[in-house]
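Letters A, B, C and D mark the chains in the order given here, with residues in each chain numbered from 1 onward.
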């Protein structure tokens, strides 16, 4: 059982939760989180690793309050227990060379650990981050720690800002229309793009076939075979 | 919606919760309490007023952790909201003259407010309190504020200690076997005894007929017509 | 003219809104009058009545379950006569529609009860042929299409009130029962009553309830109740009152979209007494936000 | 000799304990091997297999409900052949009993699937005539006593494995189906599969699931499932596997006391993967504390 060491609102409706004792994982992987001893909500909620401090073993999650589950999370106090199953899924491949990260809204969360990991794995590469928000930006300072350039857009269309002709690999996470636009642009430019998909989940570990999506390589479980896919593989289903 | 201003363990498995903004009531009445926004547990839990500070409007409840509901209560932090419906039921009549209060285990809780009320309504009367506990005593100091004599018994049979020939009225709250023994002794001695009954409740306000008990005067709803009854009235059903 | 998007015609009765209190969960209105703002509602259903009244079942009557509860009240009620004298005047004073829920152990008891209610100023008669907690009668009438149609026809013949027949989800062929009741003259159907369930006291190694089985209600049953209401609404053309596990606005909207003209809220009132009043406000806001002239525009929209 | 109060004979198979993982909730064991300590269990049921495999249903497949969930997986599976080659060896390596759950769209598909499984080292064949999520076949076979008996008899004739027939709570007359399956040669019955339920996306004003209806499971259904298992256990004399909403020890004990010889845990594994392993420990402690020589002493004790 993990313990909540911090749980604060960092922007309107956006919370940061720090856990100690949670399983550690890679950028793009996620945890299935649930308040123990309550059947309401019944299912665990998937949240991506936003950052990990390997020294202290602290996992940071950043989440938006949407419905019942995330609202209940936001009310938990420091010291509360949290059931954390993971690391779930396959994360972002760390392609060597320059990288461009494109995040929309709460989709920025997993990209922070990705920037962190890209920087660590290849300190000299250039990392550019495009972040788009509806109203209020967050995590900007944190991205500054790892990225060379961070451009922030509020209210616009973030994929318009990105140039798909420069980097070795592109990574996108955010709402489906954004992913779709990115996938189209990347395909046209022949760029390598990895995107993170979402679907309602029951088990989160690949056992229930509840989150299957159609890909070029047949049915894939988003929770186990994803959530990160090469955009070419899932292009049709977006 | 009431707010929790304090929620601490005062003895093993016994918690004291203070609420501000909860409806006020009389000794022997109770509140139907529920954590808002959660369906687990589904029903509200009845807890008796243990004390009331009329100046600050603070209600004190003392409860034992039994199952799901009370365990969940024990985990709530200061500042949490609580749905409090009440005041429910009819409380203890404040018979004038000397009084003897007999409490077993968590049944002592409502007797504290009773001692308080008896003292206030007739400052010169003599109030004797017998308290019995399985293992650990609690609320003893608090009873000392209002009662002339407080006798505490651990592990014994509390009704054996009480003399039913001296006071104007007797009040008992505790496990059913204790109430039964008290009712028998009181009847023999011709003493006036009021007891507080318990039964699983759904509404707590008299609407569902879920807590009916048979009395000499016909079916009575424990939540609305009780929980306090003259022992003679319910003797047969104990 | 003011904007009144919630006004609903139901069985010829004009309701302020389509939110009703389900039978057995608000007694005869007194206890929840203020707590649940009953006068704000479209209507309230009385506790199930029987001709001569009843003391109800012995033993435990309430048992909490995950997101619901089992009950075995057994129709404790003062009888139709005393209802009319002692309870109805108060119910009427609330200013919302009054629905009398009538149970019974035999055909003759139903018919006499319904006849007696002809003397009473109620808006709708809800025929409860679905109570699982009495051993003879009750649900037995609602299990089988033929017996359901039979009692519906006979009560309809005697009653001057619009007739709402309340169905049980425990019927082997619910759609056949619904169709049979429509055919037999029911003016509307309400469903679901409680699901037959069980609880065991594992310490005592015996059933919790004296009757062994009891009725399950509450949010737990919502997905099944919704499916049944959807099925029945497609099968009949009389109006339906959707019941079962409604906890919040989304649930009520779901029932309406599935085809129910009104909804009844039961168990959730125990958990949060302001549920129904809040729902009325939220449905109003929903209509406004979605520019609906009347809530009926979403009824059966699926 | 050591104290082994949980060892259970079931359909001629010796199980370490009466705690099984329900079909469809642990896949073929790989993903939950460590998380759910599968090798500690009495056995695990495979995901529902069909002769030639299936890609499952399109659209949303999972929808949370109060204390439960609706699913519309639609039997996504690799087919019996690939199961035997690719999944069974791993399942066998877990060291608990292996139950193959077999679904189908037609009689011939069931029979061929069962025949193919004669080549496989499984302990029990669970005949799934209760899946509500495929449009033809599946539950259709389990709704009616005659068709249930028919398919049971035919599969029994072809299969060399002990036959557990999994029943649907959506059958109009569940007891008749159970009795018919017993009569037709079933060695045991498992129940319940999921309840037909519905969810509506009120924003889109359409059903959440492409198939409109889906299967409800989880603690929400526990009281109804328990009642059904109790009814069936009284009606048949073959062993029963009790399924439906088990979340904790009390629930499992309730099923056993109602007459089930073993229990299967499904949805709760999603919510808390250690549920089944914890249950094994707790049942052991229960036996010890209550001085039971074997857990079977409480089976059907009501």
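Everything that follows uses one rule, which is that a residue touches a chain if its C-beta (ideal position, glycine included) is under 8 Å from a C-beta of that chain, and two chains touch if they have at least 3 such contacts.
What you see is a predicted model; the values in this text were computed from it and never measured.
Listed here as common contacts of chain A and chain C: B, D. We define each chain's centre as the mean of its Cα atoms; on that basis chain A and chain D are separated by 35 Å.
Between chain A and chain B, the centres computed from C-alpha atoms are 52 Å apart.
Those residues of chain A in touch with two or more other chains are numbered 39-40.
Touching of two or more other chains is recorded for residues 65-68, 218-219, 247 of chain C.
Chain contacts here are complete: no pair of chains fails to touch.
Those residues of chain C that touch chain B in the shared complex are 24-27, 30-32, 35, 47, 55-56, 60-69, 71, 73, 76, 218-219, 247, 267, 269-273.
Residue ranges on chain B touching chain A, taken from their complex, read 37-40, 68, 71-72, 75, 77, 80. Chain A makes touch with chain D in their complex at residues 34, 36, 39-44, 83, 85, 199-212, 214, 218-219, 224.
Those residues of chain C that touch chain D in the shared complex are 65-68, 70, 172-173, 195-200, 202, 205-207, 212-213, 216, 218-224, 226-227, 230, 245, 247, 250, 253-254, 257-258, 298, 301-302.
The part of chain A that touches chain C in the complex is made up of residues 39-40.
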